[in-house]
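What follows is a group of structures, each given as structure tokens.
Same chain, two partners: subunit A is paired with subunit B first, then with subunit C.
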Partner chain A sequence: MSLVNFTSREITCKIVYYGPGRSGKTSNLQYIYGRVPEARRGRMVSLATKGDRTLFFDFLPLELGTISGFVTRFQLYTVPGQVYYNATRKLVLQGADGIVFVADSQARRFDDNLESLQNLQENLLAHGVDIRELPLVYQYNKQDLPADLILGPDELDDALNFRAVQSFGADCLSGNGVFETLRGISELVLKRLAAGSRVA
Partner chain B sequence: MRAVEPWVEGPLAAFLDESAARLTLLMTSAGQVLAQHGFTRAFDVMSAAALGAGIMASTDELARLMDAPPFRALAHQGVHHGLFLSGFDTPQGRWIGLVVFGPESSLGLVQLFFQRLVADLAKQAPTEAPSNRVLGSDFEDELNASLRTLFGQ
Partner chain C sequence: MISLLKPSCRFTTLVVAPTNQLAVTAARAVADSPGRIYNPLYIYGGPGLGKTHLLMAIGHSVLDIDPSCTVEYLSIEDFASAWPTARNAGEEEAYRRHYVDAEVLLLDDIHLLAYRRDLQLEILRVLDSVLERNHQVVMASDRAPNRIDGLDERLARRCAAGLVTDVATPAPETRLEVVRRRVQERGAVFHPDILELLAGAGQSDLRQLLALVDKFQEVQRRTHLPLTVEAARGLLNDMGLAEATGPAGGGQRLQFQADEFGTFLSDVTTTVAGQLEAWRSRVAEAILRWEGEGFRTRRLEALLQADLPADPNAILESFTADVERLRGLESEAQTVSPDLVGSPLFRDPDQVAAAAALVEHARQGRHPLPAPSRMWRLEDLIEAPGNLDALSAAWRVIDQPGTRHNPLAVVAPSGCGKTHVLHGIANKLAEAPNATIACLTASDFIADLEAAREANRLSAWQSRYRGVTGLLIDDIHRWTDHPPLGAELVELLDALLEARAQLVVTSVVPMAQLGLDRGIMDRLQGGLVVALAPPDRAIRSRVVERLLAAKLSLVDPELTSYLANRPAESVRSLQGLVHRLLNNAEVQGKTPTVAFARELLEGMPQAPPAREQRTRLSGVVVPVAGGLRSREKMVWHWPDAGDRVEEEWS
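And now, the complex of A and B:
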């Protein structure tokens, strides 16, 4: 849940990158970390296995700047995508203000995307959150792969985007679509906050 | 010392005074910072809160798997610093405290005064529901300009 401090005029929001294993959630954060000026970001914390697979979460604090006199900060988290780590995935979702669902565009990963989306819905429900009411955007990663291996954004929208929310084609390694996605979810989260915020 | 809610300041100041803690962080169970002392960079505070909340969430789940009540506290003793982490209930929901202390203090001292901090916070916490103050109408206008500045579009 967002924290708005009217005394020190600070806003802090939590955004979680969710999706199947190896879909590119950590790559999103690594790209953002590499491109945002040092003064606007903190250290990237990665709790990963020796093989660089996310074990618990990646965490990147970002400062968006001052909006209407409020210093606005975002906490970006990823979850471990592997099915085995559902217990930790559920913990990271706690208190999320917005979700970026990172889907793997490869046709052979279609079922994994569906399974992960279903898992997101179940885990949100376990926290008493209805997926239909939370700011959500989709990112269809790996759109740079050969066309015969992947599904296009329209096909993925048909299969996954049941709320018809914003979606972004992306290639996280080169950075295409990464900031567009972050901007999309930031806007949704902050607009929702502007509509009714918690006082501190 | 900085606190999101002014009523936290008194109990926290008393705790810092008595325990001689070097760093103290109070946060929600989701890792949102509510008060801190000793950290110099806002980003470091957020990272510490994310990690502390992660540890507590994991141990709570382990307790649940064992059909046991949540662990009340964890302590780690390092070469130069000790770390004390504890979850507790307040009228405002479940909070977590993270305390880092050096050789000028001790785990026993920190635990003792942390218990008092928890009791003081329970006494000081407002019981009425928060008012529905909202951000100004200019917030949404400025939001688009700020997003353009940050993302260069």
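And now, the complex of A and C:
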């Protein structure tokens, strides 16, 4: 399935929110869900454990309507952050057009961020995709926490953002940075319309 | 009239919001396929909501896709002032024709036709003419057609015959986006609160809103100080716009909940539209490029017209590949059959198969170039004072083909090794990478030329030989037996010499006595002419020795000496003698000896006859009866027909 289907006049973008457990991936989708008019959003599928931890993945389809004659759809996914759900993460990554890496800004979660980033790289490679070739943005979530508990966007950029791609400070609970992040990744993905590349 | 389209009024500079999304989508569709859908398109809405922007964006988009398209923008206000003038000047038909001929007619401010019967009738006439031709009409008005008072019913029906869509008052978040874009476009910097103040200043008219932004920028520029929120609020108060910013004097910041999804959607729409529209520009550019290079572009033109094109990138790539293929085929045709060059097939990417078939046909009709014989190697030639000059020249030619001695002419009597030298040089030249060598007799060369003349394929003949890096022609004295060679040969020689292709010719007749056309002679004698002398005794001894050694395990020096002393005008005749001796010895089961040779070649018994009866001069026997005669030229008895041939032709 290509990003743009000229025959059926459809554009479908799959964006995956990736990151360590409890970094706020599901919160991103929930906030977006809350701001999208009902007519534009599909049912958000979220399979969570008792502790509100994502068991499999979240899925939020967005119908953006007809743009330039093309029915345009966005499919937002999250992956389960816990280490032991790697098979699910790999599965969700399949066919992704862009990745939002949601990092937890808390200093104590620094290693988890790194580990998750490495895991993302490995899982992409398993699909034959070089992380450098796929649209990717970083979101540094929980920037609303006290400054002494978190690392600032610049520090996190230095530590995680080796490719110097776009990054966004965010606070998903209040919604700050959520749509900015979505717009950032969408622009990157849509600008590759012609190339039509995605995770195999 | 194209200049009436403001450069800034494009789809890319338009803020798309739910309030204008349908109108924008319809406008884009119309711009993509003018005259095919939504014809006419009627857009209405309050002043300053972007209707004129949309009209002009359509015009720009159409022209981006097809710069040759005729786009006319006309506001009814301009029409109302120009039309009576044209009519009074008797130019009404020309004026009307100007708009009737437009392929896309953009009519603005239709509501100004209210109660103006004469103008309405004229517009109706223009509309009917344009629509009849399936040309596109887009109209803008501040109200729907049926809401325009005093509008002719027929005209109202025409206006509503296609799609009627409205643009509504923008939501605050849309206005904020408009303000942000304007500020960004102007390169200005304002405090975020000022942006919100501007967006909430109660200006539903976007034109006035933009003017407000410009005014703020101007104030900031004049004072050379960043505008403060308080100062901005003061300015709005002065303009009577403070009311909408909140309770008077309360200083309360305007609050509205931003439509984040709406902004996101607007961004996505702009990006997608930009990406998708880009292919039309690419196709249009490709059409211009290939048309400029003389290729037919029907396929691409059809692509632009297509409502639902397949993947345009794939089609563009395929078209480009076909053009490259045609270029390759034409280039090949240049070599194979230059008559084909310029064929329209090589300019039509939809006819690649036919063009390939044409070249294949020509390719099949082409003969391979005549190659030198492998049996003649330059290294096998025995060096002697008589052929030293020729051999040295040959090796220099091989070292520096086309530059050292070009052409090289080798002159010698028959059988002295000219052909051996010629083929030896040709074989060496052929070893060079990318070498294309033609080595043939003058008779074959002329036969080829005459056949080409008869078949009217002279250019193909020239092309065949023009592509060589070396042309070696044996026995050019035979050209004197043929009708005038004509300018074709001179032309070919010039082309080869200019291309530094090596020319080598041989002749039995000295060059000065050839009697060929002066033009040909000038070119053939322009390099080096060397002579090969008839073989001297040393060469003859070496030749005999080599031939005997090839057959016999032990070579008798006396036999070698005898045979080398036999009268032979050429190496070839000497070779004939030796072969004859060896063949006869083999047939008779004898060892070739001097006595056997003497009997065979001189017809004498093994015991030598009394020599005093005849005068012998170096193998030539002088009969007693007088007269000089070579005994070998006399027929005694021939063992077989093969020997006879060898004797006469060797």
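Operating definition for what follows: the second predicted complex is superposed on the first by the 189 of 200 C-alpha atoms of A that agree within 3 Å, B and C clash if a C-alpha of one lies under 4 Å from a C-alpha of the other, contacts with A are read in each partner's own complex, and residues count from 1 in each chain.
As a convention for this text, a contact is a pair of C-beta atoms (placed from the backbone, for glycine too) under 8 Å apart; a residue touches a chain by one contact, two chains touch by 3 or more.
What you are looking at is a predicted structure, and each value in this text was computed from that prediction instead of being measured.
Upon superposition of the two complexes on subunit A, a steric clash is found between subunit B and subunit C.
By the touch criterion defined above, A:57 lies against subunit B but remains apart from subunit C after alignment on the C-alpha atoms of chain A. Of the two partner chains, both subunit B and subunit C are touched by A:6. Put subunit B and subunit C next to each other and count what each touches on subunit A; the higher total goes to B. Residue contacts after overlaying the shared chain place A:88 against subunit B, while subunit C stays out of touching range.
Once chain A of one complex is fitted onto chain A of the other, the partner contacts of A:17 are absent, as it touches neither subunit B nor subunit C.
When the shared chain is aligned, subunit C comes close enough to touch A:175, but subunit B does not.
Applying the stated contact rule after C-alpha superposition, one finds that A:187 touches each of subunit B and subunit C. In the superposed pair of complexes, A:67 makes contact with subunit B and with subunit C alike.
With both structures placed on the common chain, the touch criterion links A:42 to subunit B but leaves subunit C unconnected. On subunit A, the surface patch touched by subunit B in one complex and by subunit C in the other comprises residues 4, 6-7, 40, 64-68, 70, 72, 179, 182-183, 186-187, 190-191, 193-194. Chain contact summary for the complex, subunit C toward subunit A: residues 21, 25, 28-29, 32, 260-261, 263-265, 267-269, 271-273, 275-279, 308-313. Residue ranges on subunit A touching subunit C, taken from their complex, read 4, 6-7, 9, 11, 32, 35-37, 40, 64-70, 72, 175, 178-179, 182-183, 186-187, 190-191, 193-194. Of all the residues in subunit A, the ones that touch subunit B in their complex are 1, 3-8, 12, 14, 40-43, 45, 47, 56-57, 59, 61, 63-68, 70, 72-73, 75, 77, 87-88, 91-92, 94-95, 179-180, 182-183, 186-187, 190-191, 193-200.
Interface of subunit B with subunit A (complex): residues 2, 4-6, 28-34, 41-44, 46-47, 50-51, 54, 57-58, 61, 130-136, 138-144, 146-147, 149-151, 153.
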